[in-house]
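Here chain A shows up in two complexes: once beside chain B, once beside chain C.
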Partner chain A sequence: MVRPLLNVPREVRAGVAFEVRILIQHAMETGFRRDAMGMVVAQDIINRFECAVDGEEVFSATLHPAISANPYLAFSARLGRSGTMVLRWVDDRGGEGREEVSISVS
Partner chain B sequence: MMVLPRRAFVLMAAAGVVLPAGVRAKPGEVEALIRAVAGGGVVRAGRVRLAVPELVENGNAVGISVGAEVPAGAVLTDIHVFADGNPRPGVAHFRFGRLSGGGKVATRIRLATSQTVHAVAVFADGSCWHDSVSVLVTLSACLDD
Partner chain C sequence: MLVCLGLLGAAEEKRSGYDDAGPQVRAMQDDDLANPAFLWVQQGAAVWGQGCADCHGAVEGMRGVAARYPVVERGRVVNLEQRVNECRVERQGVAALAPEGEAMLGVTALIGLQSRGMAVAVDVSGPAAGHVARGEAFFRLRQGQLNLSCAQCHEQLAGQSLAGARIVQGHANAYPIYRLEWQGMGSLFRRLRACLTGVRAEVLGRDEGLLGDLELFLAARGAGLKVETPGVRP
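Let's look at the complex of A and B:
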């Protein structure tokens, strides 16, 4: 999978919420579209997205075909201590994506 | 370029103009989904705010944001988004973990036609809150091309 556009601050203040934004390149085939031969194009969407810091859940999403192509998600996190944020997602064909960011908390 | 037998082409062309069944969610489907999310509990207005532009030019990418007001002591666990005019009404289900920085989420969605978008927030104590916005879509998200 192509690397996503990810926006996460590398340094944050303890207990202060900050925003995480991610834009993942993906066609998000709805399963309703037909190709030039009139055949239905099989559904292929990112159906699951998860964000955790050192194994502790921050945010997760179960997505349906109504999410636009190249899905964009913005959510917030609040940390008490430094850690590694892991963002993971999977699509209907078993394709996986993963990003890691070290965040230092002061 | 592929050459289609004329008969096959005519059949496909004829099939193409017929709208596939279930292009729009059945009436009451979103209500049933919201009831299922609430688990039989009361669904109240307030505490959650759904922001969607009321006039949308392109239904393929409509920016939405959902914000839940979390009073001290309360814990937000889930936000569900439904669209009653899409072939399938489910849009997304967001879960907020212990390290979540508040009940805010933004994304971009597809809207097949003018319709009402719903957001339901569920708190750890089981209370459910609902907000909805009616949206006028001028260019629908394409279903068939």
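Let's look at the complex of A and C:
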């Protein structure tokens, strides 16, 4: 899997919301398309995305077909203390992606 | 009379595909973090690091290059993709990058990005003039089962709509692009092939001289437009 494009501030203020933005390269095959031979192309989408800081969930989403290829997710988060943010996602074929960033809170 | 002049003025104004795109597409192109083409640019940076940088240094040194491409050299038009492969094969001694592959799209997008915001300004003087003229003749030639020329759609019908899509002026200032319909990235050649098959005309070969002439003409026709690479199109 290709590395995604992730944008997270490395330094934030305690209790102040900040934005997390991520663009993930993925075909997001809907399962409705047919290939050149007329066979249905098996569904393969990122079906789950989770973001946690030091094990505590900040944001999660269950994704469904009909999301365009290379999905872009943006959400806000708020932290009380410094920690490590881990973003994880899995697709229908069992492929996994993971990114980690440490964020310091002042 | 004045009204007529006003209309003429409007029709002659150069508009890039961005200007005619909907607000969502424009918003994607405006934000490098939402523009999926940057996933390819990131891969292009990896390619750049594997040898190109040894000779060329930081990729920022490529500023202005894409704005003056394609160029005419030894009797033929050379576009950026061909130049990159020339460097790989003849100078770096490694295999050519596959057209439409992620590495080629990535590295040409990365080089193009260095010229973003600069005006398209290809050299059309001297030996280039003949190539531009041949490209223009092709642009005005009716072809395919639909018997349509590029000019009919991109000059006469520009601004009108075709099957719900707005017909654009057909400029080449944002390539390679991320196209929503492709759910991926593609080169100018891929776009031109789509236009040619659209009118059910014979598709030019990627390395055919006439294709180079057409690409040079398109760049000359779009002179002054800002480089948008990597653009987003519907």
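Going forward, the second predicted complex is superposed on the first by the 106 of 106 C-alpha atoms of A that agree within 3 Å, B and C clash if a C-alpha of one lies under 4 Å from a C-alpha of the other, contacts with A are read in each partner's own complex, and residues count from 1 in each chain.
Please note the rule applied: a contact is a pair of C-beta atoms (placed from the backbone, for glycine too) under 8 Å apart; a residue touches a chain by one contact, two chains touch by 3 or more.
On a predicted model such as this, the values are computed, not experimentally measured, just so you know.
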{"item": "Greater chain A contact set [chain C / chain B]", "value": "B"}
{"item": "First (chain B), second (chain C), both or neither touched by A:N7", "value": "second"}
{"item": "Partner chain in contact with A:R78 - chain B first, chain C second, else both or neither", "value": "first"}
{"item": "Which of chain B and chain C A:Q25 touches, first, second, both or neither", "value": "second"}
{"item": "Partner chain(s) touched by A:A69 [first = chain B, second = chain C, both, neither]", "value": "both"}
{"item": "Overlapping contact positions on chain A, where the chain C interface meets the chain B interface", "value": "68-69, 72"}
{"item": "Footprint of chain A on chain B - complex, ascending", "value": "2, 4, 12, 15-16, 20, 60-62, 65, 83, 86-88, 90-102, 104-111, 142-145"}
{"item": "Residue ranges of chain A touching chain C (in the complex, touch as defined)", "value": "2-5, 7, 21, 23, 25, 27-28, 68-70, 72"}
{"item": "List of chain A residues in touch with chain B within their complex", "value": "17-19, 30, 32-34, 37-38, 52-53, 56-69, 71-79"}
{"item": "Complex interface listing, chain C residues touching chain A", "value": "33-34, 36, 38-39, 42-43, 102, 180, 183-184"}
